[in-house]
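The letters A, B, C, D, E and F name the chains in turn, as written, and every chain counts its residues from 1.
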Amino acid sequence: MKTPMKTHHRLLLTGAAGGLGSALRDRLKVNCETLRLSDKSSFGEAQAGEEIVLADLANAAEVDTMVAGVDAIVHLGGISVEAAFEPILQANILGVYNLYEAARKHGVKRVVFASSNHVTGFYKQSETIHADHPPRPDGLYGVSKAFGEDLSRFYFDRYGIETACVRIGSSFPEPKDRRMLATWLSFDDLHRLVSACLSTPVLGHSIVFGMSNNAVTWWDNSRARHVGYVPQDSSDVFREAVYARTSAPDLNDPAAVYQGGAFVKAGPF
Amino acid sequence: MKTPMKTHHRLLLTGAAGGLGSALRDRLKVNCETLRLSDKSSFGEAQAGEEIVLADLANAAEVDTMVAGVDAIVHLGGISVEAAFEPILQANILGVYNLYEAARKHGVKRVVFASSNHVTGFYKQSETIHADHPPRPDGLYGVSKAFGEDLSRFYFDRYGIETACVRIGSSFPEPKDRRMLATWLSFDDLHRLVSACLSTPVLGHSIVFGMSNNAVTWWDNSRARHVGYVPQDSSDVFREAVYARTSAPDLNDPAAVYQGGAFVKAGPF
Amino acid sequence: MKTPMKTHHRLLLTGAAGGLGSALRDRLKVNCETLRLSDKSSFGEAQAGEEIVLADLANAAEVDTMVAGVDAIVHLGGISVEAAFEPILQANILGVYNLYEAARKHGVKRVVFASSNHVTGFYKQSETIHADHPPRPDGLYGVSKAFGEDLSRFYFDRYGIETACVRIGSSFPEPKDRRMLATWLSFDDLHRLVSACLSTPVLGHSIVFGMSNNAVTWWDNSRARHVGYVPQDSSDVFREAVYARTSAPDLNDPAAVYQGGAFVKAGPF
Amino acid sequence: MKTPMKTHHRLLLTGAAGGLGSALRDRLKVNCETLRLSDKSSFGEAQAGEEIVLADLANAAEVDTMVAGVDAIVHLGGISVEAAFEPILQANILGVYNLYEAARKHGVKRVVFASSNHVTGFYKQSETIHADHPPRPDGLYGVSKAFGEDLSRFYFDRYGIETACVRIGSSFPEPKDRRMLATWLSFDDLHRLVSACLSTPVLGHSIVFGMSNNAVTWWDNSRARHVGYVPQDSSDVFREAVYARTSAPDLNDPAAVYQGGAFVKAGPF
Amino acid sequence: MKTPMKTHHRLLLTGAAGGLGSALRDRLKVNCETLRLSDKSSFGEAQAGEEIVLADLANAAEVDTMVAGVDAIVHLGGISVEAAFEPILQANILGVYNLYEAARKHGVKRVVFASSNHVTGFYKQSETIHADHPPRPDGLYGVSKAFGEDLSRFYFDRYGIETACVRIGSSFPEPKDRRMLATWLSFDDLHRLVSACLSTPVLGHSIVFGMSNNAVTWWDNSRARHVGYVPQDSSDVFREAVYARTSAPDLNDPAAVYQGGAFVKAGPF
Amino acid sequence: MKTPMKTHHRLLLTGAAGGLGSALRDRLKVNCETLRLSDKSSFGEAQAGEEIVLADLANAAEVDTMVAGVDAIVHLGGISVEAAFEPILQANILGVYNLYEAARKHGVKRVVFASSNHVTGFYKQSETIHADHPPRPDGLYGVSKAFGEDLSRFYFDRYGIETACVRIGSSFPEPKDRRMLATWLSFDDLHRLVSACLSTPVLGHSIVFGMSNNAVTWWDNSRARHVGYVPQDSSDVFREAVYARTSAPDLNDPAAVYQGGAFVKAGPF
């Protein structure tokens, strides 16, 4: 897949102040004429080709304003780690409902929803799963992402809003540990994947695992080929360094057995 | 399957004042020594072998009190029709979280969770589905039931609390229309199914479709045979009467095409 | 399933002069007010509740007349044994096209199409197959029935005409040999199956294997439960007699190895 | 399925002195003219319609003599519990090889091989499995039975010897504990199953789970319908009594979690 | 895969005067010593290494002459667009029967049959399908290609004639619209695919989707790896240009929803 | 995948004197500090970084000594061709039991077990299979390898010893015939595969087909992606030469029809 095209006039990026949001902020400008950035709190000035609309996801009116006038949405906003249920309920459950209601009212027809590998974190690291394996969330965060996937399915079946649920693995500058050799998604591949979801002619409602072209992997994207994602990076170049600075996994530790890693032991809060 | 046994000392039935709650109230007494009944608002006096603990599912403290001291839970409580998101959020999302947290704290190890066929209501009436087909909820209510299924999966994988998610079809005294010839679940079969879920030696986390032994059906329970549910009733005896008083479905109407029936056209609220 | 209801005003039965046609002629009167009978050549007088419209299936105009005014069609007409290609082409390929074109023009919305187990006759007798196994026809006749299944799929996807493709096993007064212990379909069960296809609320495009409730079987109808067919007869009562008068199959004979039996050795003509 | 027929002239039953052997000894006489009984050591006199040929399964010459002249074999012989590897190697591995070599040399074309549910004992009691799930043996005994299944598959593919691998559950006069409510196979159903395997027109190489018509079950025989086994008994009549004298399973005990029950904790020897 | 080898002495290419026929005419010379070209009407002179045998596919005698003496057949002949049934019946149904009968009589053992993506045109563009998904033809043309697939299956199971059914996507110099970004098959990849089918040691009866290595695709060839097709081209280099000159698909248009594109709306004729 | 790392202190290679053993002897030194070599009979001197411990696999005491002190095992030892049952019983059945018992006693936690494509040799060359297809061994050797796979599954489920069962295709300097174009595994890819199995963070119990990146293949490794094997070689460069010196397969020869090639006709011994 070549350089993405300016397929959208005005594109909304939520969670723009976070780690992935920052990584996508520059990269997504090539996909649109105007990139609308949003987050809960102020995070600086809009630059050329940008505009900023702050919004609390739990506030339906603010979300409505945030969504008005955009062509498509890349929704990274909300909580992205295991946490107590109340903030997850507000940001990831009520928040995603508010987002889809706003999309429905304003006629936005395509959403890239940042789901998570923690929707299926209780599968084993020696299993290969695909998009139709039933959810096995590894925490309240994972459950909330499964909720978003189900809600977006409803908005597709009922209202025709296309969504790609991207089950992001571990998107960091480089893999931090042996587990991330399997789950790593480079920032550039993240952008390639989001671009593919935004521009493929027909998206439907699709679940895609977000990982780079790593040799070791647990996820099978063969049911999402219509998205057209072709990763270009690989964790393999970091492999030797990661092995050198980490020790072998202890198979008596659930964090080594299950795909969710340490998330399967987090909380309760 | 014979008459159920008193497999539990104290059994909690939530939503006891509703239609299904009333149907189960008498029938479940044979399964336990004490049947604790709960609903949001006062619904009369406890009878012999009963006790009543009122609770608002959205109130964690009240739910905690409701759950304390029981051996197992039959959770019918919450909203059971398509509705606006706010009450669904309170009763079916926060409510079910409160219930599982209380179960975890009090060591309750088995739950029968009233899920719904509306979790998969956007499959077609000419499709046969089983428990592992991905959710296709037909409304916010269906999405909230999918949430309960996912949350209970997490509480099983993490904390070992067994749950049967019973995707109830149409549980009424008799089938009201042609669609219910497929989805009908007699009250006695409902009780048989709940009894099986309560008493099977090992339940794990299971999804079971709740229908009687109807000739026409859309659901395949062959992956839940360990539950031991054997329906004894059938909608077939009502078939001729239903046909006589209803007209043929119009296949241009989504309510005739999809399994969810009229739910696929409900709302938005 | 109880006695069928008069679900149709005018029902067309093609191939009415053949073996199965005769078996259905009396039985189908309970399903309709008027039973229109058709075959290629004259076969006697219409009786009470009947009307006769002769037609050569390869003649579009005659087929059009035959179809005009009916509510639904049970299509047994055409060639039902292995034969040379030319008559098969006329009766089973051009003929079924003419039938569906007439149905489309006249707004007939439901067809029961007599397909055949010979669509999948090259599966082995030790294999269990269901409706989605790819065709493995055992002759030109089987290929022509596969054509009818595919054509009717197109008329459903494009024009909404519902069809049940009934892959009839061996429908005779009783099973003649050991193979028919698996494939036998009693006349009464044939009628039950056709009635179910005619009256189930939503049929879609369905493939159903037509066999009685035989202990030995090769076919799995679990993907056609929405049809509501519940067989009541069984070849088992004939088992001992069949064994007594037949010898054990020779597994070096393809007719014993494959489901199609002697058809797999028929022809070429 | 009705009373079995005398489908064989001379039928060999190995392991005739054991528990299941004794149960089948009387019952199998209706299937043949002469029932040849075999075991390792002397176990009494032949009765009318019987003959006795003792053989050590590990002794090829004795096995050859045992097999010579029979039409079909029901092979219960060998070790049927977890044990040290050496005796298993002799009786269940070398022994079954000797048996098939003798069958090949003497032209015996059908074998009913007593396999075991312990071939798949490491699946969970909340899983439903069918014949094509990969083996997960729960001990050396289970591994040896998987060996017999694989060996017989080879003798079918290469030499055309048909085998039914019957994965026997728990065949006792009645279920002893809660696990056996799922795994129980009555002696009469055992006989029905063996009779079906012996007499079905085409057996091929088939894997069949041997259980009665129990409400709770973990096994799906839908891929072996060509065998024609229809169980008539059920553990359900014993259910209440079993519950009364046993306590609820402890899900921290592997014997309660896995299908193999206590076998998963047996040995090493 | 390297340059193809001259694996055949005399190779027949039907439909040689058409678009794909012309593309293959030069390229296939490297696969054989003599390339026999055929079409219905005269289309010029044979060149070095070529011979021409004209034939009307509906004429059995002409087809017989056309086939006599060749080692293998690449069958592009017949109608390749949606059309009225009569010409499709002659060219694609009677024609393909004539071809296989001639192959059977003359001992030709391998055929590459140009099937079409329109055999499965009523799957959605957001679905990934493989060779065993049931046919969902999008027109009479697609139905006729399904007929050819089924007929060739019969000739393989009965007579051992190997066939590759190549479901060609869109084989043009370059993709014309957004749909063709998924379906495009370059002429060189078409040749690679036909060469692989002609030369792989064992072909059996195989269904292969004919597309280049496009990023966006709907088809999964993983069940045809024994064919050894490795595409080298990709529609991706045309992507930006295609987007620039076309507008976004309207999901209310069946041509945008279904894989068959505009074919799903063609006719009736 | 880059150059392997010294992931192990002391690594045991059995069957070190054989063809594959010799190929791995040099290559595996980069994976460990000390490479312990073993075979049944003396095969020369240990070189730098090596040590030699001879052992007869059928001798438990010798195997125990062989295994003591190693971190991981690459088990190529035993018989690797079709042979009489007695030596297979000793080396491949008793031998692999002895190996796993020694591993259990000495706490060795990872084994790479040289299984074989002959475990599934009776699948057809036109079928694509994956790890979960049931075994169809093509001889006693194949049955013994299936035994090793099942035994290692038990040692994983019961004792947590991870094993990769590598179903080696044809590992030679180059492919010898047309069948090997599909089955060929270069020595370097063999080493890459073994290295991946030794070093992947979590191996579990995995079945992997051992072939290079050949265009024609019959095996699908998509369920073993967690192993991280990425082949770099291909039989394709040898294709033309192989075709030039061999003739086309005769499909009447079982060796051409089945994946096992000539093995399906070997023996009996």
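What we mean here is this: contacts are C-beta pairs under 8 Å (C-beta built on N, C-alpha and C of every residue); 3 or more make two chains touch, one makes a residue touch a chain.
Because the structure is predicted, anything quoted here is derived from the model rather than measured.
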What's the overlap between the neighbours of chain A and those of chain E? F
Using residue numbers, check each pair in D-F, B-D or C-E against A-E and return the one sharing over half of the contact pairs. B-D
On C-alpha atoms only, rotate chain C onto chain D and read off the angle in steps of 5 degrees. 120
If you list every residue number at the chain A and chain F contact, are more than half found on both copies (same) or fewer than half (different)? different
Measure off the straight-line distance from the CA centroid of chain A to the CA centroid of chain C, and report it in whole Å. 51
From the C-alpha centre of chain E to that of chain F, how far is it in Å? 40
Quick one: which residues in chain E touch 2 or more of the other chains? 222
Those chain pairs that satisfy the touch definition: A-B, A-E, A-F, B-C, B-D, C-D, C-E, D-F, E-F
Can you name the residues of chain A that touch chain E in the complex? 1-3, 5, 7, 109, 160, 162, 196, 199-206, 222-230
Would you tell me which residues of chain F are touching chain D in their complex? 85, 89, 93-94, 97, 101, 104, 122, 131-132, 134-140, 142-143, 146-147, 150-151, 153-154, 157-158, 264, 268
Touching residues (chain side chain A, partner chain F) in the complex: 124-128, 178-179, 181-182, 214-220, 222, 236-237, 239-240, 243-244, 248-249, 251, 256-257
